[in-house]
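Next up: some structures, all given as structure tokens.
In the two complexes below, chain A is the common chain; its partner is chain B in one and chain C in the other.
Take a look at the complex of A and B:
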């Protein structure tokens, strides 16, 4: 039971990182990233390959974030000048492509069988329980750090400029804000955080396969950010833990609804996720912790 | 040379099937201005409705397509009125995200009742025709005929009926259309019913070609987007042209890359067209 709880805390932390990533791009700059699962996957595969070649954990994490940034820049380079709905379509396609490449390039990713035996720091030395405890603590610490960083960013002039872009990019451009550069920076940083989440996931599980990066994860994270409160980092983190709790709770659906098969339980769980996202959008579109927009300073009289 | 010609023929046949849901997607976009991810769900709902009347009631392919149109349209209308319409004031992106949730619900509704198994339609086994060294399945020709009939029906609807003309007016200039006394809510409902119905009909056409499961719609989603973007979002003739171009591009690409990368071609096509001709082959909103 304890290790199950610790597992949930760790996964919750990884989802929290993904939510922070999405919140930065979507909540901050209004850039929708439907390929979040793709960036998550890129981070996981990048660190698995790097540490597989003998690099230590820290280098693996850096390689993962760098890969995320590069992918983010490549994907936005073509679309950021265009309308927002194109970005949604392109990022969705990107997520699928990452999975397609992971499935097909066996020489690099071992295809559908996935990569196993990924460096899991501390697993041998600490034992199963110790490893779970250490990772639950470690990932939570990373979440805390990234949250503090992003909150600082949120309140900085950079964060305010991003918001200006989100609300009205023409006006922001007119006011002298470098709109395109701000968008690139926000999206690249967001991709880096998502890739970091993927890298942590890979080392924690020590096994990854294309199945782990289904587009469903992206929907979970959208649910987390919307439920928590778009545009507020602490809301994203809270939303992520709520979503993981919700997902784990629905595992026990089979016990509550008698006489349904495994595939029906899975279908019911996914449908509930979709339904929750709709309900949040309808009933509480600003989330549990709505974004706080400070009032404009009074003009000096 | 023969391989090339065969690829072009296969591409046109495959593209004509994608054209049907692509026209549906772009019709919804033209009027409601949001990219509907739920189109995948409508495709699957239509596919299962058509499959059900085909295998349980013995309906032939043309009737199955009609039933699928009705089922897809009904599902679309239900979701639009029940879940999406109220979100319109929050902006197109919010509705698009809500449409992802709608898609997830539809897909799992089907999964709950039908499971994940692949299902095929009951069709008479028909021989391949060989015309000048090119292989074509007789069923594929029937599918092409059905697809052409459906798309022709849409064009006739848009050109010759009052609602069709009103739809084009709203797509062209919503404010002017409202001034002329066209009720935007009504036109939106018609556009969704038409678009989702076309998606449903497309689901059966795709199912006749291969088999169906709850993910049928999701698997073609990227191709549908690519066809619509290629033709210019919101342009109905563009979506048809885009689908045919995409079909041919996919088949030609398969001559050089492994078949598993098929759906990647749509993505590359989107990137290329956005880079060089962002308003699409035929220009946006040329309906």
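Take a look at the complex of A and C:
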């Protein structure tokens, strides 16, 4: 049971990182990124390949983030003229492309069998519980650091300029803001955070396959950011932990419903997730912790 | 300072560096812009004197808005050139123009819906080190100093425009007139050398209109050149030192309001030809 709780905390932390990534691109710059699972997958495969070739964990994480940045820059470059729904569709396609490449390029990714035996630091030395404790703590620490960094960005003039791009990119240009540069930077940083989440996931699970990077993850993360509050990093983190708690709770909830089979339990969980999204949007359309307008400093009297 | 009341002869109107003898701030030279084969601008050219208020008038469809969009960097001209303070700025992106001191306002007040009045003012501040991705999380000394400097200016400008009580209000909560004032305020934050105003009085009540006119004159007194597109002739007469009349994508006449108003071609363009 303890291991299960620690597992949930670690997965919650990984979801929190993904939510922070989405919140930066979507909540910050208004770039709808439905390809989040793709960046997540790129990070996971990048570190699996790098550490598989003998690199230590730190290098693997750096390679994953670098791969995320490159993919983010490429996607931004390809979608510069797209906004809103159109950008969403293209990024969704990107996520699927990553999954399909992972599925079919067997020489690189071992296809549907996935990559196993990925470096899992501490697993042998610490034992199961110790390993889970260490990773729950480590991932939570990474979430804390990334959250602090992104919160700082959010409150800085950079965040202000990014918001302007989100609200009206043409007007942001007239306000003197380099719209293109801001978009590239926000999207690339967002992709790097998502890739970091993927890398941590790969090392924690020590096994990845294309099945782990289904678009459903992206939907969960959108649910997390929407529930937590779009445009506010702490909201994204809170939303992610809530979603993981909810997903795990429905595991037990659905099991107590009498007379349904395991497959139906899984379907019922998905239905509950959909229902909860509807409820959140209906009851708190701006999320639990909505975006705030920072107050102006008082004039010296 | 302006001698010509004759129909603008292209050569003299597009001669750079001068506008009726005065130093020019903006030169539009033979600018053409077509939409699907239709020439909205058909070789328009004129020079605007520095430090003055110029009115850009003309009947509907004359190409005033297109010209404003070309000069402000929203549209690229098909041919011709635009020079600002003697330097070629043809086709430069709006944020580059803002950095050079050329900004614009919009006919329908535009804003960033989820940002407050204060944030709008701060946003327009130029040269912000905190906008760089690598500097932003560090919140360096220079970035903080610049932010404090801009905040001080923003508060002063808000006071001048009597927007102080509304600093934390989102712009969506403001009245149409207050939005116009925010637009003027944020444009000022950009430290402009020249402001292009697209119908600053459209949809504004007379008392606020007078207030806006007074603000514009005060800005001009500080040395900022203004160019306004406006249909209100009384306002043009009251504010503008210099008037450019456009018709059918070309410059028709330039001169003082009286010279322009007395011109037969202008009357014809506005009222139609007598048959």
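Everything that follows uses one rule, which is that the second predicted complex is superposed on the first by the 293 of 301 C-alpha atoms of A that agree within 3 Å, B and C clash if a C-alpha of one lies under 4 Å from a C-alpha of the other, contacts with A are read in each partner's own complex, and residues count from 1 in each chain.
The criterion applied here is as follows: a contact is a pair of C-beta atoms (placed from the backbone, for glycine too) under 8 Å apart; a residue touches a chain by one contact, two chains touch by 3 or more.
Fair warning: this is a prediction, and the values are worked out from it, not measured in the lab.
Asker: Based on the superposition on chain A, does the combination of chain B and chain C result in a clash or a fit?
Answerer: They fit side by side.
Asker: Touching A:57, do we find chain B (first), chain C (second), both, or neither?
Answerer: A:57: touches no partner chain.
Asker: After the fit on chain A, how big is the angle at chain A between chain B and chain C, using C-alpha centres and going to the nearest 10 degrees?
Answerer: Taking chain A as the apex, chain B and chain C sit 80 degrees apart.
Asker: Touching A:291, do we find chain B (first), chain C (second), both, or neither?
Answerer: Touch partner of A:291: chain C, not chain B.
Asker: After lining up the shared chain so the two structures overlap, which partner does A:156 touch, if you call chain B first and chain C second: first, second, both or neither?
Answerer: Second partner only, chain C.
Asker: Which partner does A:92 reach: the first (chain B), the second (chain C), both, or neither?
Answerer: first
Asker: Does the superposition put A:120 against chain B (first), chain C (second), both, or neither?
Answerer: After superposing on A, A:120 lies clear of both chain B and chain C.
Asker: Should A:100 be classified as contacting the first partner (chain B), the second (chain C), both, or neither?
Answerer: In the superposition, A:100 touches chain B alone.
Asker: For A:174, decide between first (touching chain B), second (touching chain C), both and neither.
Answerer: In the superposition, A:174 touches chain C alone.
Asker: What is the minimum C-alpha distance, in Å, between chain B and chain C after the two complexes are superposed on chain A?
Answerer: Minimum C-alpha separation, chain B to chain C: 12 Å.
Asker: Would you tell me the residues on chain A in contact with chain B in one complex that are also in contact with chain C in the other?
Answerer: Shared contact residues on chain A: none.
Asker: Can you tell me which positions in chain A touch chain C when the two form their complex?
Answerer: 149, 152-153, 156-161, 163-164, 167-168, 170-179, 185, 189, 231, 291, 293-297, 299
Asker: State the interface residues of chain B toward chain A in the complex, per the touch definition above.
Answerer: 34-35, 37, 83, 86-87, 90, 92-94, 96-98, 100-105, 107-109, 111-112, 115-116, 221-222, 225-226, 229, 233, 258, 260-261, 263-264, 266-267, 270-271, 274-275, 278
Asker: Residue numbers of chain A touching chain B in their complex, please.
Answerer: It is residues 30, 32, 34, 78-79, 82, 84-86, 88-90, 92-94, 96-97, 100, 103-104, 216, 219, 222, 226, 261, 263-264, 266-268, 270-271, 273-275, 277-278, 281-282, 285 of chain A that touch chain B.
Asker: What part of chain C is in contact with chain A in the complex they form?
Answerer: It comes out as residues 72-74, 93-95, 98-99, 103-104, 106, 110-116, 118-119, 122-124, 126, 128-133, 136-137, 139, 143, 147, 151, 154-155, 159, 164, 167-168, 170, 186, 190.
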